[in-house]
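This report concerns only the one structure given below.
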Amino acid sequence: MRLLLLNPNTSRDVTELMRVTGAAAAAPGTEIVTMTASRGVPYIATRAEAQIGGALVLEMLAEAPRPDAAIVAAFGDPGLLGARELFDFPVIGLAEAAMLSACLLGGRFGIVTFARALVPWYVECVAAHGLTGRCAAVRALEGRFASLSDVQSEKEDQLLDLARAVVAEDGADALIFAGAPLTGLGARVRDRMPVPVVDQVVAAVKLAEAAVALRPRKATAGAFRRPDPKPTLGLPAALAARIDGTD
Amino acid sequence: MRLLLLNPNTSRDVTELMRVTGAAAAAPGTEIVTMTASRGVPYIATRAEAQIGGALVLEMLAEAPRPDAAIVAAFGDPGLLGARELFDFPVIGLAEAAMLSACLLGGRFGIVTFARALVPWYVECVAAHGLTGRCAAVRALEGRFASLSDVQSEKEDQLLDLARAVVAEDGADALIFAGAPLTGLGARVRDRMPVPVVDQVVAAVKLAEAAVALRPRKATAGAFRRPDPKPTLGLPAALAARIDGTD
Amino acid sequence: MRLLLLNPNTSRDVTELMRVTGAAAAAPGTEIVTMTASRGVPYIATRAEAQIGGALVLEMLAEAPRPDAAIVAAFGDPGLLGARELFDFPVIGLAEAAMLSACLLGGRFGIVTFARALVPWYVECVAAHGLTGRCAAVRALEGRFASLSDVQSEKEDQLLDLARAVVAEDGADALIFAGAPLTGLGARVRDRMPVPVVDQVVAAVKLAEAAVALRPRKATAGAFRRPDPKPTLGLPAALAARIDGTD
Amino acid sequence: MRLLLLNPNTSRDVTELMRVTGAAAAAPGTEIVTMTASRGVPYIATRAEAQIGGALVLEMLAEAPRPDAAIVAAFGDPGLLGARELFDFPVIGLAEAAMLSACLLGGRFGIVTFARALVPWYVECVAAHGLTGRCAAVRALEGRFASLSDVQSEKEDQLLDLARAVVAEDGADALIFAGAPLTGLGARVRDRMPVPVVDQVVAAVKLAEAAVALRPRKATAGAFRRPDPKPTLGLPAALAARIDGTD
Amino acid sequence: MRLLLLNPNTSRDVTELMRVTGAAAAAPGTEIVTMTASRGVPYIATRAEAQIGGALVLEMLAEAPRPDAAIVAAFGDPGLLGARELFDFPVIGLAEAAMLSACLLGGRFGIVTFARALVPWYVECVAAHGLTGRCAAVRALEGRFASLSDVQSEKEDQLLDLARAVVAEDGADALIFAGAPLTGLGARVRDRMPVPVVDQVVAAVKLAEAAVALRPRKATAGAFRRPDPKPTLGLPAALAARIDGTD
Amino acid sequence: MRLLLLNPNTSRDVTELMRVTGAAAAAPGTEIVTMTASRGVPYIATRAEAQIGGALVLEMLAEAPRPDAAIVAAFGDPGLLGARELFDFPVIGLAEAAMLSACLLGGRFGIVTFARALVPWYVECVAAHGLTGRCAAVRALEGRFASLSDVQSEKEDQLLDLARAVVAEDGADALIFAGAPLTGLGARVRDRMPVPVVDQVVAAVKLAEAAVALRPRKATAGAFRRPDPKPTLGLPAALAARIDGTD
């Protein structure tokens, strides 16, 4: 099966980090292909950036060769529900996959990330997935970091301290180090944490495999049926074709 | 005060309908200026379209001369939270204004609209505003309509029957005819409905006036502070400048 | 339009403070008339006092010349739902107006007040309006104050510190200084607060204007239709007439 | 122990019906004394009437000789929380007692009553007690009735049909025939209902006995401590004394 | 009436402590008989132990002579809902009774217990009863204790400090010292606590009396009707007979 | 990896049906071993049976050779949380896996099953997983069936009609045919359903593979740490050893 790992950020090294992590966890026969946004921001951290990045996700999915399933590879899942509505293959969000996997390992999960700006967006993401009751806390480091691609090592000690606080003070039964740049951190520090750690990319790849194994048909009813065709103006060609039904 | 009524749809006649309705309700001294999207779809009806339209809202707000307040004039409020975060004047959503106004007039409001595709998006909009407990129902007509700008007269009888059902069966204490093309319908049929009717544009103009009267400062803390500057790639110039802080 | 600002407390100087603040924010053409309770307590602070004060609200509304809209001018909104049910003009609560306005300016609002006794009642008021999910915290100063009409200046520093804590610790995106005696405080300290501040009386006047602009009819169905006439015993004449239908 | 059964309605025959029912269920040693409102309405059915009736409850409790516990004997519990705050003996609501007892007998209870006007108030009462999740439905007969004191026999067949619908369609596991005039109906029809029936007065007497058996002290902290003394104006003497602390 | 107080733990001295406390609160005519588990653990503290203990509850209830009502005398209520479904007399849980009684005495109750392991199970118990909104906090002592039957005196000071913190910090209006070994503690320390204290066994006995007074029939519809007979394999004889309908 | 598919029911043919379905979906390298209960009932359908079956799950897990992960293969997940607490390998519930997988494919899932008795237990299972907000409905056929192992073909038409109603009337975006005897039905009828169908066993196997891929450590903190050792009386040897820490 061919999984499209779509990074709606412009940071190609983060895409590569996710590809390597995902490939190591994939089942035999799973091929991971990647796309990285050519417009936008290095990492989506706010609602405004998620609005823009989510629209890019739709453009990119329309332009990509049809995969067996796609992963929206930014924690926060920009554009996820629109993509699930518009396309006929499974689309999985990085946050969604990490949270649902964490549900398998305990009662409530804690989300730990590297930048304060991310917190409101993540909190809304948890709520949009109906998982607020399963979330012990969303916490972030204060302060700036030197380099996005190195933030997980630069801030490792602080991130681990914060994660321990989320367990001790907020009662998390499982931990998610959230945000694409933190991919792989969990595997490295797993034995130093007092509860199970979910790697967001491993979760996304395995849940995408699960979704494909279920061989779901495209809904023809309900909230995720393909919208009726509609004329468009000025949209990128592939996306326009998907919306106006000429694809 | 200058209110920017921003229609993220491409339908200019709907913009004009909203302008006329809003101007009639505005206080002396309130000037309403409009913008209509030059890209996108005639009316946003799905999550995918809202994702795209919400990104356009940010572009358009960045390009417009600074107003005293802006109205995102599509029920469903595409891009609202991102806009509230990114800009330093009040931004009000059409759905938000209609729902909060309806809260003043009863316990639970009912939302009635003209196309089934809108329902999941509207339901999510209600939830995103934390108003699910105040919403009796979201219901839509089945079937197609001939013309967007005439849908409110073409379907008037069916819309009124549906609204009466929302009162009788779902227990709505107030009604919202939702979707920009239904602007003005409420005023026309008010006396035939058994509960108060909220016109979405009247509500948005009056609540925008209220927001300006409160003279709110831009948050420097919390979830709606302006995000830290960040480099961008390939975004429209004005929006890029707002995000990278060079505006 | 004529707005009745009804203070169910016996403190006439607080009524005047609210009138002045409201008049400054009113649109041209809005006239504010006031009533102050001749029975009861100087300021309602507990559920028992709100029970008594809410019954007075109904008496006073029945006795007043019919306004275009009325404001129940005590934070906590004593008697509001009964009034909305019994009378055929819009009735707006001070708390309701402040909270709904705060919703326009951010995600979650914080309520800060001057006396601990108020907190349980305010918390129940937030819940009764279905806005618990939008409320970051309700916090009050400990300790006594010298004079009700001067409490906002006497306690200004402590109130501001508490408000800052509600932003920093509870995550409020907007602030309400709650309780009629704090009217006007927000305007004075707005620039020292890190998030927008809502003045409760400004909010109530502007939302009452909005309600009138919507020209709502009296419900003839649902939870806010006028109750069927019913005989009464020993009630004040105007209220009795409103209940037994002889008014 | 001496239980005060306080009817905030003016209907003395309903008070007597409740006294007889309660006395039959009371433990040896429990004496039931009654009070009936001398002002107000024959039966409280709306929020406005509950606001007035709840204030009467406070007056009457202040005037009554101190009981071991009191029952606010109107379903809907007017004035209950204020009374619990103001007085130092247990005060139990008729609705509260019926609902908490029903919780003992199944998962979700259904409330059936005789007049449509009662429904919004009862729904708010369920919510105020935090029991919405335990309530399958609140349903009422449509139409008028001839006499309050005979409504339970006049409408018996319709009430039973409605109760059966609440079980079959709404999934109630226990039933409450709500409203003081329906006292005793449950005992008479118990064997014709498919789920356990709770008599509101039996429940209130037994839970009042339970509250007394727990020998609870008056709170000196939290939301039900006695409010600090406060001057009053124009209130009935006993209530004024309780509020200003001179009792 | 004959109440069966069933201890699903193996600690006979705790059973006796509960019998004595319950008997002192029982009405004239109430006889309390006890059973203590002959298998299992000294005190159930985890979900796994509750799973096992709950199955024992069903076995023991099937083997006991039919009582007028039964009390599952372990806080956490193992097996309660299954028992309520399977048997035709009222079955009351210790936690359920304590929590519902606490609801009569204030807004939100606090649960204080002696061992950290109990907390997750208790939290789930509160949620299973739909009372999360009425629960201020569940808190437990850290550290080990010397003897189960003496834990309430050994740890009295710490338990009282913790209880005071639950009032001051979490806002509890009533307190429950939870866990069968703490039976009787509340009565002893009542006057040293700032809010009413509910003894779990007193509550259970009085609510069992209330349930019997309501003379509830066994449901023949809904979620607590007796399940249809079903063949069993290898279960204890009395329980098998109850399930396969040959009892 | 070795997955233990543990059927807490006594029906061996249903175990085999699940094994075959699971094996077909498993990744290369995944071996599925099974256990079937030797005590209990043919299929767990009530809370009482789930209480007993859940205790058997713990016994059986203690006796089985340690797997890489285990599946509690009864929809309703008897004993799941206790097992997750007690054992140090991932334990996945059939209902949990089906529901979390359905979350990937739409907004709200619908659960359709073959016997009315199952509904209350399933509803509680949904709530216990915190997924009530993601569940459109739980519905069951009325009436009896001839044979457990053939129920899916005997009742196929009725089940499909019911499933279509859950989509059309309750708004389900994905469907789960729930209950071990319905394993494989979804795959057979997938193309006749208007929304994606989740097979519970396929979901459980793929999510168990995901859980193993995450290589979670056993929690040493939080609600799923292994309980402290505790003496036991009369429990099966392997389970006793796991609880008293001598394993």
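Residue numbering begins at 1 within each chain, and the chains themselves are lettered A, B, C, D, E and F in the order written.
The working rule: a residue touches a chain if its C-beta (ideal position, glycine included) is under 8 Å from a C-beta of that chain, and two chains touch if they have at least 3 such contacts.
Composition by chain, UniProt nomenclature: A, B, C, D, E, F = Asp/Glu/hydantoin racemase.
Note that the structure is predicted; figures quoted are calculated from it, not measured.
Participant: Once the contact rule is applied, which chains count as partners of both subunit E and subunit F?
Facilitator: In this structure, no chain contacts subunit F and also subunit E.
Participant: Trace the shortest sequence of touching chains from subunit B to subunit E and report its length in steps.
Facilitator: 3
Participant: Between D-E and C-D, which chain pair is linked by the larger number of C-beta contacts?
Facilitator: Pair with the higher count of C-beta contacts: D-E.
Participant: More than half overlap in residue numbers between the two sides of the subunit B-subunit C interface, or less? Answer same or different.
Facilitator: same
Participant: Would you mind pulling out the distance in Å between where the CA atoms of subunit A average out and where those of subunit D do?
Facilitator: Distance between chain centres, rounded to whole Å: 52 Å.
Participant: In angstrom, rounded to a whole number, how far apart do the mean CA points of subunit A and subunit C lie?
Facilitator: Going by mean C-alpha positions, subunit A sits 44 Å from subunit C.
Participant: At which residue positions does subunit C touch at least two other chains?
Facilitator: In subunit C, the residues touching two or more other chains are 81, 107, 120, 223.
Participant: Is the way these chains touch best called a line, a ring, a star, complete, or other?
Facilitator: Graph shape, chains as nodes and touching pairs as edges: a ring.
Participant: So if I start at subunit B and go to subunit C next, what's the full loop of chains?
Facilitator: Order round the ring from subunit B, first step to subunit C: B, C, D, E, F, A.
Participant: Touching residues of subunit C toward subunit B in the complex: what are they?
Facilitator: 25, 27-29, 81, 84, 90, 92, 96-97, 100-101, 103-108, 129-131, 133-134, 167-168, 171-174, 187, 190-191, 193-199, 202-203, 206-207, 209-211, 213-225
Participant: Provide the residue numbers of subunit E that touch subunit F in the complex, in ascending order.
Facilitator: Residues 10, 38-42, 45-52, 54-55, 57-58, 79, 81-83, 85-86, 117, 119-120, 124, 127-128, 223, 227-228, 230-235, 239, 243.
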